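Order as written gives the chain letters A, B, C and D; numbering starts at 1 within each chain.
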Amino acid sequence: MPDITTRIGDLTMRSPVMLASGTVGYGPEYEGIIDFAVAGAIVTKTITVEPRVGNAPPRLVETPGGLLNAIGLENVGLTAFLAEKLPEAARLPVPVVASVAGTEPAQFEQLAAAVGERDEVAAIELNISCPNVERPRNPVWSDAVAVAEIVSVARAATGKTLLLKLSPNTSDILSVAEAAERAGADALTVANTLPGMRIDVERRRPALGNTTGGLSGRALMPVNLALVWKVAGHVSIPVVGSGGIGDTGDALEFLAAGATAVQVGTALFAEPAVPSQIAEGLRNYMGKNDVASMDELVGMAREEKRVCAETA
Amino acid sequence: MSPTSFLFTFESGPDLPTPRPGQFVNVAVADDLTLRRPFSVAGIPAPGRFDLLVEMRGKGTRALAEKPVGSAVDVMGPLGNEFTLPDAGGVSLLVAGGIGGAGLRLLAQELRRGYHRIHALVGARSSEGLLNHVFPAPTGDGEVLLEVATDDGSTGFHGMVTALAEGVLDEPDAPSRVYCCGPPAMIAAIADITAKRNVPCEALLEEMMACGVGACRGCVVATRSGYKSVCSDGPVFDTRELVLEELVRA
Amino acid sequence: MPDITTRIGDLTMRSPVMLASGTVGYGPEYEGIIDFAVAGAIVTKTITVEPRVGNAPPRLVETPGGLLNAIGLENVGLTAFLAEKLPEAARLPVPVVASVAGTEPAQFEQLAAAVGERDEVAAIELNISCPNVERPRNPVWSDAVAVAEIVSVARAATGKTLLLKLSPNTSDILSVAEAAERAGADALTVANTLPGMRIDVERRRPALGNTTGGLSGRALMPVNLALVWKVAGHVSIPVVGSGGIGDTGDALEFLAAGATAVQVGTALFAEPAVPSQIAEGLRNYMGKNDVASMDELVGMAREEKRVCAETA
Amino acid sequence: MSPTSFLFTFESGPDLPTPRPGQFVNVAVADDLTLRRPFSVAGIPAPGRFDLLVEMRGKGTRALAEKPVGSAVDVMGPLGNEFTLPDAGGVSLLVAGGIGGAGLRLLAQELRRGYHRIHALVGARSSEGLLNHVFPAPTGDGEVLLEVATDDGSTGFHGMVTALAEGVLDEPDAPSRVYCCGPPAMIAAIADITAKRNVPCEALLEEMMACGVGACRGCVVATRSGYKSVCSDGPVFDTRELVLEELVRA
């Protein structure tokens, strides 16, 4: 059976299929529903230093092929995360990646240090790209200097594997990616949701309590795939694809574009079996197409790789 | 059931635990929709089966209505908490607005199974929307009472079902507890009416849902102890816990 | 019957439903299929000074809820446009808005002057936001100074009503919008397509000949709607909504967000009757909901407007 | 027609002009797909009716196959140019690869209506994919000839249909014109074979389409006079006009 073990820094995963932050809570909410044992890792809901109550409802509205959410990083805060949620998540048969967000670099430092100390944490994802909170938001997420500072202080605070989650809402993702790599990020998650909105025409007001939300789901897929393609061609650290991945075909597109792993989020809501289906589907694909390893699969649609394969 | 609502019966097989009154299922209604759609379990016609009573509102409910009889439908559940059943005697008042009857139907059946007295008030804009016939039929002995109200007066009381409720609660031998389901404004009014009279009241709330299991925090309502998720903390809430202005505003 | 006449500068339209550039060619291709008489205007395919052959095929690939195109501004060039295409378009019972794109400001000036001279042209749309050509592309479309220069020279070259078509692929659309307004744009079209891609896993290469394309269709709708909401709250010139508009409900959302008019593009491919359906649908909506005029409709979901309505 | 292809017959009503061989219709197959799907008109069983012969490839063709008999389907067309029918005698060679038979079926019928001699070569990967039975049945008198080839040799000639074509064109009394439809590599090979022998050849090409009427320039192929749109300049092209390397590469 083809081996789909995937490594990102010190994070070793049974499969390249991770569960995206914010869509699986802290994990136990989906116990007995998602088969955690086939997933590469669970990325827990982004936590902040203080608990956050989140945005006023409605927080969700469907869009064609997608979903807008404006949760606003509702979370239990660092203390309760460390005391309650993390030990619970750690009981699940899957590595835990802790997602954190601060309003300024010092908070990222504090969060990285605090969660990085814990054995239950296999890696840390720095979330600078939630469109539903005031900070850090654009212009931070499109500012290479600001991003580099966040990564640097987090890097200094912990030896754990550090992922940085970028925003698709920037005109120049490459300079941000490059700055993050230089500042010490071990991997880049490409990418978070794109700002969007819907209007409730009957009630003559925005459909979401927060006016705008973040677009996720299949509608977003081609946008984030293009960003993965771009970023993976530019940095030498691993890229993790996120955005509308719903089946094996989608996952293959992201991996072929150069992503080392993928994250599944919105698709879980309709079908919690998607991670198992993709893990199984990847193995089948590799078997049928004589793809010997994940190394061969990752980036297989890129010119560099194709040329290598043809001249090999 | 009405020109715009349908009763579906599902074979769930032995794997699905028997749903309790107030619980819901999250249904994958169509491939091209991002989210499942939540529906209250509106009856258990036989072991291993359950009813849904669905009003056509948009794409998802239309897709469900168009499915041929016998289709396999992917259902998650039963999910959520349940109504608190009375442990003593007295009358239970059930107040249903529009499709809200769906959320109270299994409760009514369960209360009757326990020989509780019930008084159902069923409201709608006009007679076509009335779902009174989904409730147990009134009995001559006063064990089951049923009244209807329409905004346009086409059947029953001419006015809001909340006005009926107020009347019933002011009668001697008034109901000792209230259950309600319907539009937010109706729930807020019933919450207010029952709070003033110090009658315990539970409401079944509706919100857009993504995960259905408390993971995404997408389906929250404002309560006195902060935002609670309708899918896992609810969908049944003690109305005294709700922040009514926010309920109506959202 | 409610009046849905719409004005943008000197451009007077029977309805706020325009036909988006690039999706209806120069017009005659759709004769007998689209009912031009109900449309507000047709925006012709973007022309450039020299003819362009466009990108290598495949140029189209579907995405969930959307479409990627990489036409690459294939067009007949200015001379043939003026000599052949424009007179043909002018025979249709609909005002013609000529879309133009240059590789640098001087070309925009030349194009605006040349098409602006022609009586058949009711207005000009400056396209700075096609993701499928080398220039002008990002960083130009997210650079307020560069955009202002393009608008200024075009403004100086013609007295015709000037629309500027913005890109959704920018982290700071407001400064671009503001600069364009100050430089003399009469209206802003918000917005063009978003860069995206798909991969042909079987053939292990990008699905499009050009690697990436522009995402259009319903998938894009919430993103561009959010931009219209933002821009319309910031500038005082009219905003024209574009992006995934497929039915009356979508059009109402854009108008309610503050767009003065909308453009329908991708939806025409599946249903050429969409412009008639929307024009009819808007009239019905206004009739049923006692909306007396387009003035009342436009921006009806905005706080400012709602407050006015409530205190009136 | 084969395990993965279906023949549909549509009632078009009197409004649709009678399609000519080579023309196609653009079909709205499903609400959740952005684009229509183009299919060659593969037969005219009676006035006001037409056939499509569709191979299941992806979402759209699957949606079409799942439509209940009698569904109303929104169709634009007939669109595109047509095959040039022979004005003189001689044999017409039809070369169909896989579902390419769909694009040549109406042509074959039309040629027979004009009493032209035809020789059809039908290829597929293996016997299940063969669409030889959609062509006029071979006649004993040599007016209609039909040969099949499969890549795996499961039926007929073991090898490519292009090899068969080469053989036929080298025989005495060789066909005086060729029509082909199938995968790009097959078309390129036939183009090459016919060019070398100076036999006129037309190919029906397939490309993703958006507008279907020449407006969007989405469906182009490279020709010696630049990119041409398959929907309005084609779908039928003189193979000498095509830039074969680009055809195969795209």
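One rule holds in what follows: a contact is a pair of C-beta atoms (placed from the backbone, for glycine too) under 8 Å apart; a residue touches a chain by one contact, two chains touch by 3 or more.
Since the model is a prediction, treat every value here as computed from it, not as a measurement.
*Asks:* Could you run down the chains that neighbour chain A and chain B together?
*Replies:* Per touch definition, common to chain A and chain B: zero chains.
*Asks:* Using the touch definition from the top, what's the fewest steps needed to get from chain B to chain C?
*Replies:* 2
*Asks:* Between chain C and chain D, what is the gap in Å from one C-alpha centre to the other?
*Replies:* Between these chains, centre-to-centre, one finds 37 Å.
*Asks:* Between chain A and chain D, what distance separates the C-alpha centroids? Give it in angstrom.
*Replies:* Chain centroid spacing, chain A to chain D, equals 46 Å.
*Asks:* Counting only Cα atoms for the centres, state how far chain B is from chain D in Å.
*Replies:* 57
*Asks:* Roughly how far is chain A from chain C, going centre to centre by Cα mean, in whole Å?
*Replies:* Computed from C-alpha means, the inter-chain centre distance equals 33 Å.
*Asks:* Hey, what residues on chain C touch two or more of the other chains?
*Replies:* 63, 65-66, 217-218
*Asks:* Quick one: which residues in chain B touch 2 or more of the other chains?
*Replies:* 32
*Asks:* Which residues of chain C touch chain D in their complex?
*Replies:* Against chain D, chain C makes touches at 22-25, 29-30, 33, 45, 53-54, 56-63, 65-67, 69, 71, 74, 209, 217-218, 266, 268-272.
*Asks:* Which positions of chain C touch chain A when the two form their complex?
*Replies:* 63-66, 68, 138-139, 141-142, 169-172, 194-201, 204-206, 211-212, 215, 217-223, 225-226, 229, 244, 249, 252-253, 256-257, 300-301, 306
*Asks:* Considering the complex alone, what residue numbers of chain D touch chain C?
*Replies:* Checking each residue of chain D against chain C gives 28, 32-36, 74, 76, 207-222, 226-227, 232, 246, 250.
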